[in-house]
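Right after this note come the structures.
You will see two complexes here that share chain A, one where it goes with chain B and one where it goes with chain C.
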Partner chain A sequence: MNLKDLILEEYKTFAPQASNAVSKVLREESIKQVAEWGIPTIKQEEWKYTNLKSILDTPFRLNASPAATSNAIHYYNIDAYKLVFVNGILNASLSDTKGIEAFATLKSISEAEPAILSKYFNKFHPFQDGLQAANLAFAQHGVYLHVNKGKALPKPVVVYFLSDTTQGPIFAQPRNLIVLEQGASAKWIESFQSTGNDTSFTNICSEFFLHQDSHLEQYKFQQENDKAYHVGTSQVVHLEKSYSHSAVLTWSGALVRNNLNIHLGAEYCEAHLYGLYLGNNSRHIDNHTLVDHAMPNCYSNELYKGILDDQSTGVFNGKIWVQKDAQKTNAFQSNKNVLLSQKATMNTKPQLEIFADDVKCSHGATVGQLDEEALFFLRARGIPLAQARMLLMQAFSDDVLNKITIPALQEEITATIAQRLRP
Partner chain B sequence: MSDSNKILEELTQSDYKYGFVTNIENDSAPKGLSEDTVRFISAKKNEPEWLLEWRLKAFRHWLTMETPTWANVTFPAIDYQDIIYYSAPKQKISLSSLDEIDPELRATFEKLGISLDEQKRLSGVAVDAVIDSVSITTTFKGKLSELGIIFCSMSEAVHEHPELVKKHLGSVVPITDNYFTALNSAVFSDGSFCYIPKGVRCPMELSTYFRINAANTGQFERTLLIADEGSYVSYLEGCTAPMRDENQLHAAVVELIAMEKAEIKYSTVQNWYPGDKNGKGGIYNFVTKRAICAGDHAKISWTQVETGSSITWKYPSVILKGDYSIGEFYSVAVTNNMQQADTGTKMIHIGKNSRSRIVSKGISAGKSQNSYRGLVKVMPRAENARNFSQCDSLLMGDQCGAHTFPYIEVGNPSAIVEHEATTSKIGEDQVFYCNQRGIDTEKAVALIVNGYCKEVLNQLPMEFAVEAQKLLAISLEGSVG
Partner chain C sequence: MTTDHLSLFIMLSIKNLQARVEEKEILKGINLEVKAGEVHAIMGPNGSGKSTLASILAGRETYEVTGGSITFEGKDLLELSPEDRAREGVFLAFQYPVEIPGVSTINFLKTAVNAIREYRGEEAMDAVSFLKMMKEKTKVVEIDETLLKRSLNEGFSGGEKKRNEIFQMAMLEPKLAVLDETDSGLDIDALKIVANGVNKLRSKNNAVIVVTHYQRLLDYIVPDYVHVLYNGRIVKSGTKELALELEAKGYDWIKNENTAV
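For the complex of A and B:
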């Protein structure tokens, strides 16, 4: 049975006990879309360079929640709230949420305050495909975080998603909703890790809703093993004068697809997007971003950098939409890539679609290699070639690593990356 | 701000200069497309059996294909049965001198500013004039043949140089390439053929002038240009059409082949009728242009100035097969009113040390949509491939759109690929600067636009650069604020 059939089959057992996080009508509609569209293929423009075909026949289990394996998780050495998901399902005993005022699971909030969900849930979906529809059809495992007006969360929230394949291949579909009220601020960190030797497939969606003057920082660290497939969508909806800062770092996993969609839905919003991807072996890393400038006077800035070695493949697609009303838009985008080996491939597509005239938009994309002259400079000073290359690659990565604003976390991730770049 | 708005409004009102119709008797095929139409065209042109087979193969393949929809343009479905696929101006059987050409025809070309008279030798441009997809005449033939250069219509070439045509026709753009090439291969009626022998530097610009005259016709011409080892040629192409309310289809195929150390410079000034202010009428320009640098050190340069057509959909491409080969693409695309353009280029790097350069300047005004769509592909064996792309968009007015879809696929670590793009409008500060120095707003806008396009216009041969600049000026005519 292929993945699509597995999803359809699983839905039959899931439907009767589904929560109201998503209305029954919407669930039915979504599952119909899954049946119709199937799992995305390279025939679709959005999936042109990323092929999921090789894992479609894996006998995934869709509702696997094995015993908590706390020692399989690497916890970051920072002071933070902690949430642990194992195979897409929240594990309360491993989590530590003491002190967060408004925190619930999607399921419990749909029972307690259905109005909240209908206000914020699933409000922005610029692209639809079979996987996103599947996530929506099954949405109930995941967290709901609400930061009240004027409040700043005192500590960052770190969410660990563990794929435990010790009992066979798993398919997990968490979905989260984060709402920041007026003037609120929060830091949200997603970390993907795995244990076991079998294939895992995570199909996650996180939605962020930013009210006026709110401030969000969100990070995504991908450090699963070489049998992990990951398709993740983060959507940020901005209201007036809100600010978001996103950084997506990928240095492991078999196939990783990160979608980051930003909707600037009111004036004077600001969004910063950063990405770093390190490919080696036959890793495939795909970053799709969208900045949708719907209203005037917004600012967006995007920087994605990648280093690709061995037979790895990198994909970057950065869309900037400037809609008709979005005058006085400033939008910048840059994608820089280094290819280290003969068999590495980079496919990049920076894409601007502009319908307003009073705008400043620019994008740039480069693919090249380490600077010969810089290497020569270092070697002339007695630094061996391998080390000189590493230094240059570290410097290349630092542009993005420096955007991690939590010092202890920055240090730890920088060290991990340095370890990866060591010859 | 209101000034420039007014300018833009007036800009949209400038008229299409070439919209006249010439009364020439036509010899047409009946409307519609079937195998019979293909046979009719082939028979009409007295073609050899292999070409008919080739056409039929293309037609049968076309039947299995679907209209592509990926381009960023919208138009109602085309009824392929409502088009006349062959229309030739009726004329006396054969021409020994230019004087025998139908005076109406000659007048047409005079109006277009193209002199077919050899007296105008001073202008030094050899012209192949194609009206309603049939080549009318080719000038300077004798002089060119002294050098061994073959420059004639495609139908002539089929008869006189079948070995060259057979070998190269469809070698760069195969009949199965896409929907419109399959259609073109099945029904193409004429076009230009050019062969430059080894080591010859073509002493003059070669030029083809295309004009659609008859109503309800589609123009399907085919150009094949071969530059043998070490040769050089500069080739110009111009297009106009009468103003008509219905849309007319132009689906041409251009194939260029450059052998070792050969250089081809191909320039286009495309000024098909763009439709009226409300988007009624106009030409659908769905053209496939592709070149191959077949040998080492070959160089191919595309330059295009696109001002016409209601829909432009074309991507002049270069396959850089030879080592050290060079591909260039310079483009200015102006869209106004309801025009839509989805244009760009493809640079496929196969050879080592191959280089390519893309400079694309889009100007959108009125309610038009202007897209750049490009592909830079570096194959794994293309060591040290180098590409630089720049695509800028200039927006005039708040109703138009500018879009960029650059695809970059790099499979070799020694390649260096750079892409940059900007989008902006004419700065008020720039206009103010000019005003301050006594240059009125209209002139200032023209000055800025001209400066913006300079990089591309400079690439055009002199005769064409003048025409292109005039064209840009026409677009800006009457735009005093």
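For the complex of A and C:
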């Protein structure tokens, strides 16, 4: 059975016991879309460079009951609220969010009030495909975090997603909803890790809803093994004067697709988007971003950088939409890539669609090699070639690593990346 | 046996060096010997091969050596990688100092100093000693410490870039320093500071090759020998007076003399 049929089949068992938090109508509609659209193929424009075909016949288990415990997770050395998912299902005993209730509501999305979900859930869907529909149909396991008005979470929330394939291939579909009330602020970190030697496929969606003057920082660190497939969508809906800062870093996984969609739905919003991707072996890393300037006087700034070695492939598609009403928009985008090998590939596509006339927009994309003159210079100062290359790659990565605003985390991820760049 | 004994005093020996870039012959048989404690100036008109010679000494791979040899302290320099040449004690001050975004001078120098020490079988320098050494050397070339914490040469003035090259030389303490047109683009004040820095680093154990188009730098870094490079060969050698003669008569003097032959 292929993945689409597995999903349709699983839905029959799932539907009767699904939470009512998400409306049955929405679920039914979504599963029909899965049946109609199937899993995305390269014939679809948004999936032109990313081919999921090779894993569609994997005998995945859906909603697999997680392994009893796991010490396979590497926890970051920072003081944080901790949430742990194993195979897409929240593991309460591994999680620790003590004290968060003074600042926020935190529960499973299946326990959220329907009124809340109808207000915030699935409000922005610029691109729809069979995988997003599947995630929606099965929306059950995930975190609903609602930060109270004027409250700043004193610690970041780190969500660890472990793919445990020790008992066979798994397919996981977490769905998170994060709402920041007026003037609230939060830092949200998603870490993807894996254990076991079989194929895993994570199809995740996290939605963020930012009320007026709220402030979000969200990070995504992909560090699964070479058997891990990942398609993730993060969406940020902005209301007036809200601020978001996103950084998406990918340095492992077999195939990784990160969608980041930002909707600037009110005036004076600000969004920063950063990405770093390091490809080696036959890794495939795809970043699709959208900044939707729907209203006037908003600012967005985007910087994605990639280093591709061996036979790895990178994809960057950066859309900026400046809608008719979005006068006085400032939107900037930059994508820089370094290819280290003849066989590495980078597909980069900035896509600006501007329908307002009084705007400032710029974009640039480069694909090149490490600077030969800089390498010679460093060698002429006594630094061996391999180390000189590493220095240049680290400097290249630092532009994004420096955007991790939690010092201990920045240090740890920087060290991990340095280790990864070591010859 | 006698030659072996003599060669102990010779730091650098270039014999019949020929090189080309792509199909173009640039060096057509260079001979040069440099002993410890000496300063040699290599002068010549544009396109004569001065910078090619400097680059080949440092190991730049865009040039192909087609004949001859370079021996540095008894070792075949041409066999060594650029990093090993540096670690043996050869230093090139770049004509066009490189800008490297995201890599500060301090950052790469720490790596470089320790790479050199490791090669010599010495222990890595700790952070405190490194900073102390750095402070001392900044004084030699009168360079602002804050510059050294910034991305290498990014947004530096011409003078700051050249001073930074000499600062690096001070930190790495080479046996042989090759200054490739270090005077180009400098006003007289910057020139004096750079020259002063070089002079402070001179000793009986090290040697300097100054590659320059103009005589003016040699007023401040006084050479023991002056060689004139023209059309890929050293066509005249002499003492510092030769530089003055060149300044007075111009390079046409050399050109005419050599086309006449």
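Quick note on the criterion: the second predicted complex is superposed on the first by the 410 of 423 C-alpha atoms of A that agree within 3 Å, B and C clash if a C-alpha of one lies under 4 Å from a C-alpha of the other, contacts with A are read in each partner's own complex, and residues count from 1 in each chain.
Throughout what follows, contacts are C-beta pairs under 8 Å (C-beta built on N, C-alpha and C of every residue); 3 or more make two chains touch, one makes a residue touch a chain.
Just so we're clear, the structure is a prediction, and the values are computed from it rather than from any experiment.
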First (chain B), second (chain C), both or neither touched by A:D371: second
Chain B versus chain C as contact partner of A:K149, first or second or both or neither: neither
Contacts of A:R381 with chain B and chain C, given as first, second, both or neither: second
Contacts of A:A344 with chain B and chain C, given as first, second, both or neither: first
Partner chain(s) touched by A:D399 [first = chain B, second = chain C, both, neither]: second
Touching partner for A:R422 - first (chain B), second (chain C), both, neither: neither
Of chain B and chain C, the chain that contacts the larger number of chain A residues: B
Touched partner set for A:K119, first chain B, second chain C, both or neither: neither
Residues of chain A contacting chain B in one complex and chain C in the other: none
Residue ranges of chain C touching chain A (in the complex, touch as defined): 58-61, 81-83, 85-87, 91-92, 94, 98, 100-103, 107-109, 111-113, 115-116, 119, 168, 172
Touch list for chain A against partner chain B, complex: 45, 324, 327, 337, 339-369
Parts of chain A lying in touch with chain C, wherever the complex brings them together: 371, 373-374, 376-385, 387-388, 391-392, 394-396, 398-399
For the chain B and chain A complex, residues of the former touching the latter: 70, 378, 380, 393, 395-398, 400-425
